[in-house]
Amino acid sequence: MRRPWSIDDPIDAYRSVRARTEALAAPLGPEDQVVQSMPEASPTKWHRAHTTWFFEEFVLAASVPDHRPVDPAHRYLFNSYYEAVGERQPRDRRGLITRPTVEEVAGYRRRVDERVEELLAQGPHPLLELGLHHEEQHQELLLMDAAHLLAQHPLRPAYAQDGVHPTAGSAGNGWIDHEGGVVEVGHDGAGFAYDNEGPRHREVLLPFRLRDRLVTSGEWIEFIDDGGYERVDLWLSDGWATVGSLGWEAPEYWRRRDGEWWVATLSGDRPVGRDEPVVHVSLYEADAFARWAGARLPTESEWEVVAREHWTGDDRPDETQFDGSVWQWTASAYLPYPGFRPAEGAVGEYNGKFMVNQHVLRGGCCATPPGHSRPTYRNFFPPASRWAFSGLRLAGDR
Amino acid sequence: MRRPWSIDDPIDAYRSVRARTEALAAPLGPEDQVVQSMPEASPTKWHRAHTTWFFEEFVLAASVPDHRPVDPAHRYLFNSYYEAVGERQPRDRRGLITRPTVEEVAGYRRRVDERVEELLAQGPHPLLELGLHHEEQHQELLLMDAAHLLAQHPLRPAYAQDGVHPTAGSAGNGWIDHEGGVVEVGHDGAGFAYDNEGPRHREVLLPFRLRDRLVTSGEWIEFIDDGGYERVDLWLSDGWATVGSLGWEAPEYWRRRDGEWWVATLSGDRPVGRDEPVVHVSLYEADAFARWAGARLPTESEWEVVAREHWTGDDRPDETQFDGSVWQWTASAYLPYPGFRPAEGAVGEYNGKFMVNQHVLRGGCCATPPGHSRPTYRNFFPPASRWAFSGLRLAGDR
Amino acid sequence: MRRPWSIDDPIDAYRSVRARTEALAAPLGPEDQVVQSMPEASPTKWHRAHTTWFFEEFVLAASVPDHRPVDPAHRYLFNSYYEAVGERQPRDRRGLITRPTVEEVAGYRRRVDERVEELLAQGPHPLLELGLHHEEQHQELLLMDAAHLLAQHPLRPAYAQDGVHPTAGSAGNGWIDHEGGVVEVGHDGAGFAYDNEGPRHREVLLPFRLRDRLVTSGEWIEFIDDGGYERVDLWLSDGWATVGSLGWEAPEYWRRRDGEWWVATLSGDRPVGRDEPVVHVSLYEADAFARWAGARLPTESEWEVVAREHWTGDDRPDETQFDGSVWQWTASAYLPYPGFRPAEGAVGEYNGKFMVNQHVLRGGCCATPPGHSRPTYRNFFPPASRWAFSGLRLAGDR
Amino acid sequence: MRRPWSIDDPIDAYRSVRARTEALAAPLGPEDQVVQSMPEASPTKWHRAHTTWFFEEFVLAASVPDHRPVDPAHRYLFNSYYEAVGERQPRDRRGLITRPTVEEVAGYRRRVDERVEELLAQGPHPLLELGLHHEEQHQELLLMDAAHLLAQHPLRPAYAQDGVHPTAGSAGNGWIDHEGGVVEVGHDGAGFAYDNEGPRHREVLLPFRLRDRLVTSGEWIEFIDDGGYERVDLWLSDGWATVGSLGWEAPEYWRRRDGEWWVATLSGDRPVGRDEPVVHVSLYEADAFARWAGARLPTESEWEVVAREHWTGDDRPDETQFDGSVWQWTASAYLPYPGFRPAEGAVGEYNGKFMVNQHVLRGGCCATPPGHSRPTYRNFFPPASRWAFSGLRLAGDR
């Protein structure tokens, strides 16, 4: 879907994004909003406060000479990882911050909103757009983290009756061929993009092909039934060690009940839909599945040069499922592009310092805000991560 | 203080205890009530629900033929450790149960209260008294766990302006002598006691003496200043290893600020009061302090035979601080008394199965409900535990 | 068996003990002697060097004015835990000391032996007797640790064809009754004893009885077959957690092969002998077995007052298996006796600082040097330990 | 230096490589050869036996119809990670295999050597060359692992008086420029190479430059003195976490003594040589140093296209230190080249399954056998590894 706001109307854009966060948090009570279900996940309340702090720190404090912090403690409590800003609450202890309350955080949001809107009334702000995209990222994280929290509950309650989850796509079963050669990849500078999407640069590709749809849960059940989680020859060495130490037998959130696979989703516990894209698999599992299927994962460049031809980004059905369903693991480690240089100052910490021990995912997912992603977008997670809405598309040589 | 209820008036007793739990929870919002700050601590909400489940399981379900559970899931969610009752939520994952909400738990309490009161209207119930003492234990745990949670917050907020903490006692500085010999220890069967307090039995004591007051925070600062945490010769071997691995330099919740010691309490962050009993020290620290002071910890029998002569249990000031200030570590491992046999059935799991790797504490503390403790009461914690209101009294040979 | 040496002939005693250590090490090659198979175990080479260092430090250096260390590095490398002596190689890194070589350690022993014998030629030495008993303790540890190392090898090789292991005892099946009352326990000061065996003191016992033999491996197989390792009601809470986390299904070193139980011993892999005493069980397992059998473990005092009536200590067959077969877990935590005071100086660290988190074992075992133990001897290990030659005898109330 | 053997003379080649292994092991006694100093390192004895097993399994057993194993247990004991061959001794428990002894392993080597030479007398063998390169890799690992073991000893003994360590190189201080463009990288198929070095393929490079020498220990001391290990802005996020958790303050094996830096080497403890290449640094440290120096690490393609112009591979001094001094961390994750396919069968496990969570190092080091490396050689280690002879060369954009 198209992005429902434009940076050309800053106040409207700001209100639109901020309101969407509040709408996403609304189905969650104070108890749900404060708990941290694992070190990598953050409480809803923290997401709401942190995105607000981001505007307070990088927009208000940076631009309003006499800005007085709403609460000086927020700088410590709600900084995520900006070392240049100072000390902060350790990530794995965000769930211990029971104060300010959820209601107080709502008040914090309102007070910052008032001031930002006052500022925007005077004209555009250079970091507004980054702040809005940043908040949209946290909208997706909020849903991912809520899904994780609720899945830990023995009753696997729903976030909402119509909570998002990937839906069945096209019944396509073919390949999209590409002849390879010297191609250009990376963002060309038109419109917003994160620093890690550039610079645009040339690469050489061999001829290859990509499947015209995502791997489905039905195919994944075949993989399980064929002993996929028990055959060492299918796995990377680190992947096999992880299967053993974590006892993986199926994607995250799957549970077998009376011979049927069920999956905890934001809509609650549901039977696994065989035609739906498989989701909540790690890079290790995606790689093993591809080997089992006699295929491989695409590199991020292969993915990008094909996806930009098929990207819809609007209301037309995306027949090839390049955006809007599940993030797609690639064979590419998350590394800087040739000539990459992080931005100056604290916002330069946004991406560059995470460029090790992670793999790139491309596309977007059902939890991604409308219009937030693009063909050059580089998402990334460690290879054992499963709580993102992560699936895969097969590739092969020609 | 005296116990404010009598089992002879069951409905009044029940209402009194149940109301006190709700009053203790009242200063805590939903966010505070749901978070688990460490594996050993439980959320307030869980304490409120678990004590209710205890009545539902051992009083209602055991005695009302057509009892229908308020919610069948509660048996799984709010069982603590009764293996005979069935599977249960793992202890270290109690903080993940965001549902039922705090408000729903309040409703659960009301519904069980109605039914229990109906049942009690028909006559006394054999497990009512155990259930009330059990809930009183959780009242103390609720405060201990809340204190731990709030102390993890970087701002160390208060539970309440007048939240309990041990207060300065007598200025006594003498010893209470005892000539030893064959003594009787353990509960004699008059009035309520837990199974682990009996059978009453004889022991032989050498002549000994106990200090007539608790060790104070001022003395503890002397210990610190004399290198107490750095002198290996003062420590048990396991204690020294713990000092090193956990980096202990002072009691739990102490923090040095501008050369002064501050302590996080239920009343918030306060300067350490030198005349107050030291609290939140482990058995290891208590033992090392005693060695430093040229003394030793009392055995639980030594403590008991002296304490029963000085026990007040009412409104008279307890000049010797045997009850109502801080729990007092003893040199005794927590083991069954001669002839001990646990009760039959699930309630037999109450105490016996924990009789290893723990040390006995005696007395009671500022967070103990009025009248809950007695001279034969055996509290117990692992030797490295510090989050109980635990202090010490010195002993010596004569 | 009787002790083969007398302190009245110091040089002979010294030679006898020292030679026995070398004889025990002889079946082990340099590879076997250097490896540390777990943090709690020590290499054979280390035992040989440490016992030598003990004589060098506490006999030679303490008494010979111009003593020059054989090698100054030994004080660091081969001190075990004497904090008063100074820094030392961490216990869990003893297996990294590949130098000095096994041959060099033999030379170290010879050089210290020469000097000690020179000193002894001038008269008795106050710490000689402690040093000899200390070395005898390490003789047993050497065998325990070698048994552990060899059992880690997939082929489970033998230490020697006739390596010690407990042998079948009497076919007794009765009880030894004791009327209880005020008894005296602890060492009375005649002959050598460790500090932890005294002071002798009075205790009150209820009437009780002890089995006239040890629990056998055949009985243990019944326990296993009856689901002993799967029935939570039989276990202490910490014991059950250990069963789960370590996956215990049988005593240490047991392995099922084609439906039969085999056990790795110092004589190699052998079928479990049903009439032999069970060995290599933890306190947790011993306690669970006793509960399963409708009995309990004896306290150390109960054990002692009976054992001293049945102790053989010589070549007569010990029909009641109180000494010389397996160490027997007691229900008693390892704590100081009333009035206990550790010795002054470094040797005061011998016992006292370990008096927490351990349980007492009594008797002696097949690996204990002849005459080394006595009815008051207090051995001790943490409750989850299994690599000692530890078994059990049942007790009950009357 | 040139490789001292040619596959064209198979028996001579075999003897040459096998003899070199024995020569490298010779300075180490049985104690040194059996101990495993960390899970990632292997005992010398294991290297000697494993390389022998490789020939027995992949040459003898694969080609001699009636081959009877020298000892059937070796298949279990000395397989490294070939899942297709079967179960094996876990990597982190290689140090527990005290049997066969070092002497018996020498005998194992001789018996396999006899049989292999008999086989080779009949003609060339397709896996001989791989086996020889494999054994050469283990020659380097043997030295790396021995260096690690000896550095754990508090006295930091020498492997040999002239044990290898990197020596000071050219005094160069310039840059080597490259204009970028479409280049070819990867092995072209002439001569031996591992599967991971191909296929040769095209890549696009931006203009760049490489330093004409390695970073020195003197420069590293400047980095330390400038707070390099304390400035979070210099580090990748995972790197900074590692600095904190492992307490890094300098390269592995460095220790400060009286204000001077010393380093444990195969020649023993030595003062750090300021003109020598820094060695035993992790990818994290190399990356942070490069950032501190205003430069970056080269990609493996950048490195390769320059190095092949400067590679000496013979006795001429390598002025630019591309080979033979220290392995050089690159910015490239270890991933398959386009079109990469592992070999069929067990030897296909040689490289491919490790292609995640590692970074590529290029060049070779002082411990690499003469002629073993080449410009296309891809070594790899996890980013926190430091026990390889790993250093770095700076790169920059033009």
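Observations on the structure shown:
A, B, C and D are the chain letters, set down in written order, and residue numbers restart from 1 in every chain.
Basically, a residue touches a chain if its C-beta (ideal position, glycine included) is under 8 Å from a C-beta of that chain, and two chains touch if they have at least 3 such contacts.
Remember, it's a predicted structure, so these values are computed and weren't measured experimentally.
Listed candidates were B-C, A-B or A-D; the one reproducing the C-D interface, defined as more than half of contact pairs identical by residue number, is A-B. With each centre defined as the average position of its C-alpha atoms, the distance from chain B to chain C rounds to 37 Å. In whole angstrom, the spacing between the mean C-alpha positions of chain A and chain B is 45. Taking each chain's centre as the mean of its C-alpha atoms, chain B lies 58 Å from chain D. Multi-chain contact residues of chain D (touching two or more other chains): none found. Because contacts link each chain to exactly two others and close back on themselves, their graph is best described as a ring.
By the touch rule above, chain B contacts chain A in their complex via residues 29-35, 37, 45, 73, 76-77, 89, 93, 95-99, 101-102, 149-150, 152-155, 157.
Within the complex formed with chain B, the chain C residues making contact are 81, 83-84, 182, 201-206, 232-233, 235-239, 283-284, 287, 299, 331-333, 335-336, 338-339, 353-357, 359, 383, 397.
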